[in-house]
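Note that the chains are named A, B, C and D in the order they appear, and that numbering of residues resets to 1 at the start of each chain.
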């Protein structure tokens, strides 16, 4: 029987190794897997590379993980957020590395990893300093930048509803990066508000098919992010 | 008011020009936009390039369009089907050009066009004769083939349900290539079994957002394909 | 001379958005545009975090924490809205499906180069978000901004001094003083604030301007 | 000697599919595998036209024309199934998410090259479908085929003579005569049909075979 449910948050994040690349879902405060981030904090892995759209707010959650010196590098489109402080401090002190990636390129690079592609050419950032040092190719009368796939060892994401095979649905814009990240990591770990019987999710309404999910933990009342 | 509904099949296919590249949805007999193909036959455009997974069956629908000498070239992964005859005849007589593309590459090339990418590297077909003459790049210890985007002037697709903005849902595996083709053509023309009020489709259940759709014709009882 | 207020710049740009258009409004000044679209026009707003058919802000107390826009503000859905994931949202942007992107600008060059993401100030970390994807991909890029910086320095230049967001993408500029088209023959003033003449406008602009034969006073 | 029937080849391969595996069954012989998965194992079948969690054929009269598999046969959905579009189906295949692809084979080389899409016969048009994507992308490629062609010619060769589907991808071969692993040290016979010895098997094989120390009789 295929059953991806685990019984504790500690089990959910077990085995994450030092130096791992962790994809973390969420855009603003929507879809942030708060309890999984807390579990990662408790777990102790360090020297991490974190891929996320933002670099945390306040001093909790991802910001706390960074403040503890556990994040070596962040790959991110918009590290500054309303209320972000920890990233700025670490950046000014040169204690964290930043790879700044345009948001669509960030998402597309993860999709390329998910899809088994070797890379792609995008017009985004062509002719700007974010393309410096990258391969430029002129195609169909326009400059494109070569971008490589971006794969995670682990993805941490939040879902609305799940079944034991790992089929997922999301809630409105909490969906954001989650479907792409789920498919782009070797081990995808999901916290779900609700776990339903197999067959209870309409096959046409599944957003993330279970094949992209490895572990599932039930977190019925997640704490709000960014507080 | 944004209203993509047109009142006749002739209006739906109006303006398709000779030499156009037409993406046609469907896999097997599921999701084939039969009435739109008939409208294209009646419309008269010729010298067409057709992109479709199969090259028609029997002597009706797409096979009929080909038999009329209206298709110069077909881009396709599996031109032979159970019951296909017209393509074989034209191919043997060298009266049609075939570009054979692996099914996943076909789909991904259309997605690249939809996504504004300049091309991508895929491991599919590397080391095979379908990669002959193509750029090969060694990335991450593996050979990849460069593939260019594949854009349509027109896409013809079948949906289950639509609203006047062109939001679409599909029926089971009739979905197949339609969401990708809808996004990959300059003019996307949809026949829908049902047209509902704006707001009647759950925003989270929309499969093809209306931005990818240009014209919508109500065909409540489509004829089965392949007969 | 009667320069426009920020709301008036937004209202002026709103007048040019056609019925049925797919539009992405950038952070800041452009977000005001939604308040001024003329009645009777149905405009479909895109948000890069996965919404097409975004509605206005909810009434106080009706905010849904899972329904926010790209500026992380609470929003609603219009009837006909669709929700999708980030990668698909950027397919729409990069792939030329968004018809109009109305963006803020720090600088615009006479050839339509846009700089709106970084002042190259190294004392704080850079952030780009979706600005480059939108600038590279939307069909029409309109910039809404004050005509000059706070210190009076021109923001419309022969060449941008700030790092580019994308080269040669802006087709129209709406400022508090003028509406200017970026054309193959250079910058063409379509509208000027009443009381202003071309010489005065040119004095506040860092690139040569030409007055359209059919130019009109800039009014809302 | 007791060579296996086609159903027995399928049954033998089915025994090696672990509980909870994501599996794509190729056209022909591999489709029989689903009939022989040992009870108690939950196997999730993928179909490249957009199904994960494909169930068996429906009873006569209950066919749904919109629910077909990659061979265009009517199928059903298992509880827990998901439907998606073609591009996403191939993300699963190309991206290494499918754990086992069980494919038919025309020829397999001693280094795991697979030829299963074309005999290079130019009298009829070529067709490839999803064969190359699956062969290039699935985690484990197992080939199920008769040990020799109808004319007795070996199908396991030092080098394929037919056009390749993908180079160096096959890890295991199930035939009517043997189960053979493709290893870095060459072809290793894990199981042989009762009554057959290595010399006899080698006589029907176009590449050198080595017998595993712990080889066993091939039974279902």
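Things to note:
Keep this in mind: a residue touches a chain if its C-beta (ideal position, glycine included) is under 8 Å from a C-beta of that chain, and two chains touch if they have at least 3 such contacts.
Predicted model, so just to flag it, every value in this text is computed and none were measured.
The chain pair with the larger count of C-beta pairs in contact, out of B-D and A-D, is B-D. The distance from the centre of chain A to the centre of chain B, with each centre set as the mean of the Cα atoms, comes to 33 Å.
With centres taken as mean Cα positions, chain D sits 30 Å from chain B. For the pair chain B and chain C, the distance between mean C-alpha positions equals 35 Å.
Multi-chain contact residues of chain C (touching two or more other chains): 83-84, 90, 94, 136-137.
Taken residue by residue, chain A touches two or more other chains at 108, 111, 115-117, 122-123, 172, 203-204, 207, whereas all remaining positions touch fewer. Chain contact topology: the protein chains form a pattern that is neither a line, a ring, a star nor a complete graph. Chain pairs that touch, as defined above: A-B, A-C, A-D, B-C, B-D. Chain contact summary for the complex, chain A toward chain D: residues 1-3, 111, 113-117, 163-165, 167, 183, 197-199, 203-204, 206, 209-212. Contact residues on chain C toward chain A in their complex (touch as defined above): 47-51, 64-68, 72, 83-87, 90, 93-94, 123-133, 136-137, 163-167. Put simply, chain C touches chain B in their complex at residues 19-20, 22, 40, 42, 44, 46, 52-53, 77, 79-84, 88, 90-92, 94-98, 136-137. Residue ranges on chain A touching chain C, taken from their complex, read 27-31, 53, 77-82, 87-88, 91-92, 98, 100-105, 107-108, 110-111, 122-130, 171-180, 207, 224.
Those residues of chain B that touch chain A in the shared complex are 108, 112, 115-123, 137, 139-140, 142, 144, 148, 169-170, 172, 203-205, 207.
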